[in-house]
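Chains: A, B, C and D, in written order; residue numbering restarts at 1 for each.
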Amino acid sequence: MIRFTNDYSEGCHPSILEALAATNTEGNPGYSMDPHSAHAHELIRAAIGRPDADVHLLVGGTQTNATAIAAFLRPYEAVIAAVSGHICVHETGAIEATGHKCIACPAENGKLTPAAVRAACAAHTDEHMVRPRMIYVSQTTEIGTLYTLAELEALRAVCDELGLYFYLDGARLSSGLAAGGPSLTDLGRLCDAFYIGGTKNGALFGEALVILNPALKPDFRYNIKQRGGMLAKGWLLGVQFEQLFQGNRYVELAAHANALALKLKEGIAALGYTFLCDSVTNQQFPILPDGVVAALGQDFGFEFNCKPDAAHTCIRLVTSWATPEENVDAFLKALAALTK
Amino acid sequence: MIRFTNDYSEGCHPSILEALAATNTEGNPGYSMDPHSAHAHELIRAAIGRPDADVHLLVGGTQTNATAIAAFLRPYEAVIAAVSGHICVHETGAIEATGHKCIACPAENGKLTPAAVRAACAAHTDEHMVRPRMIYVSQTTEIGTLYTLAELEALRAVCDELGLYFYLDGARLSSGLAAGGPSLTDLGRLCDAFYIGGTKNGALFGEALVILNPALKPDFRYNIKQRGGMLAKGWLLGVQFEQLFQGNRYVELAAHANALALKLKEGIAALGYTFLCDSVTNQQFPILPDGVVAALGQDFGFEFNCKPDAAHTCIRLVTSWATPEENVDAFLKALAALTK
Amino acid sequence: MIRFTNDYSEGCHPSILEALAATNTEGNPGYSMDPHSAHAHELIRAAIGRPDADVHLLVGGTQTNATAIAAFLRPYEAVIAAVSGHICVHETGAIEATGHKCIACPAENGKLTPAAVRAACAAHTDEHMVRPRMIYVSQTTEIGTLYTLAELEALRAVCDELGLYFYLDGARLSSGLAAGGPSLTDLGRLCDAFYIGGTKNGALFGEALVILNPALKPDFRYNIKQRGGMLAKGWLLGVQFEQLFQGNRYVELAAHANALALKLKEGIAALGYTFLCDSVTNQQFPILPDGVVAALGQDFGFEFNCKPDAAHTCIRLVTSWATPEENVDAFLKALAALTK
Amino acid sequence: MIRFTNDYSEGCHPSILEALAATNTEGNPGYSMDPHSAHAHELIRAAIGRPDADVHLLVGGTQTNATAIAAFLRPYEAVIAAVSGHICVHETGAIEATGHKCIACPAENGKLTPAAVRAACAAHTDEHMVRPRMIYVSQTTEIGTLYTLAELEALRAVCDELGLYFYLDGARLSSGLAAGGPSLTDLGRLCDAFYIGGTKNGALFGEALVILNPALKPDFRYNIKQRGGMLAKGWLLGVQFEQLFQGNRYVELAAHANALALKLKEGIAALGYTFLCDSVTNQQFPILPDGVVAALGQDFGFEFNCKPDAAHTCIRLVTSWATPEENVDAFLKALAALTK
């Protein structure tokens, strides 16, 4: 079975395993108060170009989103997201469990638009409704699309206009960076807070939350602890991000994933198939005849996305830093054989 | 600096690093649906002697406590714990953040007693007060003491009498097992749920929650996900517990820690010092003159516990599976020199 | 200013004022443990034809909804409602504040449909998403429409099929009863729980929550107290519902409101105007030219509903048990004058 | 049966019934946006001497406490209260249900002391524990004792020193005012927020929350609505407080209750009995032989407080604005007869 199921099926980049072994018996203070974490924070601040940023390393994405959103909002405040947004669908109500409503908006190509944000705010007029106070976007989106710099700038402008925080979920930010999307420096300038995903780009686990708005910084570690996210051996996160931000590795790992995804895309398109959307990142959503999908399922792992019509199925193919090129070749060969 | 600060200052047992390397590129399903996790569950069920137990591997202790307690209780139900219990003091209100009151009871030697449980229940008489519904104990306790089998059986009896769940926090359960405390089979018989700590006994991270009461089992994975505790690469937990439950390793690692703690205890006692309590596990709480504590602090790491009188300080010394015996020797030598 | 703004602009039916005066110095036990409340419960159980029902009298609707939903659901469970449902829009996230997601579905004429319920359940497939566990409907709906008996039975069937609780918000149930909608006996047979609104039909305040499903009954008073809904002088609620359920008064009060609303409807239609929807209850939503709306606003109070096009405005007109017929006449006369 | 059970067994002062009847058909805007509420706010601001205060009228005490505390604190912040405090014992975990820990401190005569506050803060040192951020006191206390002005000033000073909000629960504030305790002006100067109880002093229901600290004022109505406390017919609260703050009525009603309580106290003391504490307010806690208590229970209603020894019982006797003096005489006569 060759897996294109997701980008978290393998462990970590070899450099991280080596670093974990090398530091295993160092003896480090607990709870992220160690020098590796401090160094990782420095590397991230430098990459963002914001020496004033607060950086917190957490274990997973849902944990990071729920901790941050619950920390940033007052009880009656709500977060605006695309209806397909991860917090709206795939976090088992983690945000609501902290007391906050997610306002789901129509999405275009998986993206939240200034018009949708404005409409959501206009519909919430007084104290009988929640108060929209934050927008949530994912880069890349759930369907692999990419916000352009102009799009993020337009969202920033609408946030400024309407008094909203701008929060970006970067679980797959690496793929967006490698695809030529807005840079870490852009995000450091535009967001109130965002996170840089490690789990899906070479780490065993780990997401780096970056808080830029000074109003959102105080006491954040209390929130991490209260929400169960403070890792006892916090230096494990520091060691991993030290490796990911060694040179340009963070982007290079994602560039490998993207290149293979584009090879898949081009090969599938060359066979005459279409896609759910035009993705330039490591998730591709081809639309294939049901019989082809069933046959492919014998040898390849992938997720079902949707049924665009009675005879076709849209599947999700995901590549990662660890995907071998021969897996892509094998898939395209198999698809070509089924297409003949 | 020689650290007796805690038992989570080092990474993991070498066998775990090796196993992580060996499995790094296997390709495993996410979210703990992998064969390593399934195998770890089997090993744990076998060790407990309860083939019917549900096992869930989570990353950390606060996360495990909050997820389990919030899942098991209805909104108005409360958990009874010793006033010194971890959930009452050191989890930043994580239990309250899920909506539940912790009823703090007086402790004897760090332990909850049937009499205290009965008193707490007697004081909560009607719907104007929370309903006590669970007891929480830690084995070993926050001050290193050990519940005997008779004590746990007495707590079980009071739970049966009063309709309470019995939950045991086993962050340092290994130390209790190695010290001859109640066995995993005993816990499998007596508790409604408990967790087996990995973080403080050889794992990079990881706690194995065991649910025995069938009423508490349904849908537990929803709770894990909602509380941010579902690790994407869940097999990392499985791989670690496979190693910890290889043969008798889980107890052997703790036996090393205990042996060194007892060497510390005997050496300190031989110099004429007393202790906060009689601990037979990996945490020792000697009472030393303030000047001695200050001098030791130059070369050794440890935590402050309390000031029993104006001239003395009680400190906490913790050993782990990774503590070298020469560290203990060095401490005793230094203390002897300061004692002359 | 003649108000058609809402149905809670006046105090209470004179019989209630008299009863409050008559019982003022009786001396009654607190917290709804009094004979008036017990008697009101009996009257309601009789009206529903369910002697086994639990009845709880609460002060307001948002309080009742939030208390009931939080009591009935486990933390990861969600409630399905029409996108226009009161809990989705006008309760400031009260349901989310107790930790539960409201799944908003497309509505037809303000109503939730079995197809929408099925689609919502089908879209929530595993533990990475909330678990739908309850449907919420309002009788009458936010736009004055009425579920027929066949529609409620179809919703009951889909609840049985999918394992969902059926909860009905009866803030304006009286208007539905008076309009010939499903009877209290029908609701007693079809719902797991519902509430009978007093505030909008002759009481100073008060909603009677009826719990029919035995699984939802235990310990409900704990939930009322915890959510701040337990009135010290609970007999005030009992006294009011004793009056409302005196003979057929509960329906008669609403019949007055409905009759005047229909007079408005017919008069407005006779002038050539259309409506947002076909309402047979005490809320009417005529669509009028903007200039007419502005002119009417000088003398009459009403709420803005929506802008169906650039030149027209849909307004909400609400009648109540206390609306004088001359107010309706005055409105129709003014509208006729503006229409000429 | 003559009731000394509590001070909420009767309806309301006759002037309030009259005002409710007089305003019944006025037609008022909903949700406390009416002129009666505005007028009541003005009367209260004047009585406090703080024209800048925000006043919100809510239905009940638990609702007011939970809404205010949840609004004022960030998620990881906690409130300090006497172990006997209402929020610690008699609100079914309403504060915890909003996510906040109540830190219970030893009380002296039912009162929180600066020393206890300091100790609680000193014990909470870092982000592994909740952050104390507010103190909660009740005037009068649960056992009828009264904070002096000096005591409240000392608590204010410790709040200033430690960065804490000062919140006062005034469910029985009227009794404290009538007993010569600190004035409304004092409270307006010393507290960040407090509430003035109506339910236990002549109203059908109603508590007036006064917010003085500007940082705590914004958006409070959102919190009221979200917690289910926004009364549709909010003017009912306004009308009641207009009557309570007519002239000196608010204090006069309580003076009647206090006078009768003191008559009870003196009469009981004259018979040779002692008291749990020295109360000068409307709650008295005599200690009587068990047999006497049982005999009194045939004709008089009162609550059990505690068992100071095997042969005696402490009971609670409560008087109210509505207690007839003959009830007190009857009690003393009966007790005298039983004392022979």
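Odds and ends about this structure:
The working rule: a contact is a pair of C-beta atoms (placed from the backbone, for glycine too) under 8 Å apart; a residue touches a chain by one contact, two chains touch by 3 or more.
Keep in mind that what you see is a predicted model, and the values were worked out from it rather than measured.
When each chain is reduced to the average of its Cα atoms, C sits farthest from chain B. A separation of 51 Å divides the Cα centre of chain A from that of chain D. The centroid of the Cα atoms in chain A and the matching centroid in chain B are 34 Å apart.
Taking the mean of the C-alpha atoms as each chain's centre, chain A and chain C sit 42 Å apart. Listed for chain B are residues 75-76, 91-93, 97-99, 127-128, 130, 222, 225-226, 230, each touching two or more other chains. Contact topology of the protein chains: fully connected, every pair of chains touching.
Of all residues in chain D, only 3, 5-6, 8-12, 14, 17, 20-21, 23-30, 59-63, 66-67, 91-94, 97-98, 199-200, 204-205, 222, 225-233, 236, 322 touch chain C in the complex they form.
Residues 75-76, 78, 89-93, 96-102, 104, 127-130 of chain A touch chain C in their complex.
Chain A contributes residues 31, 70-71, 74-76, 98-99, 127-128, 130-131, 219, 221-226, 230 to its touches with chain D in the complex.
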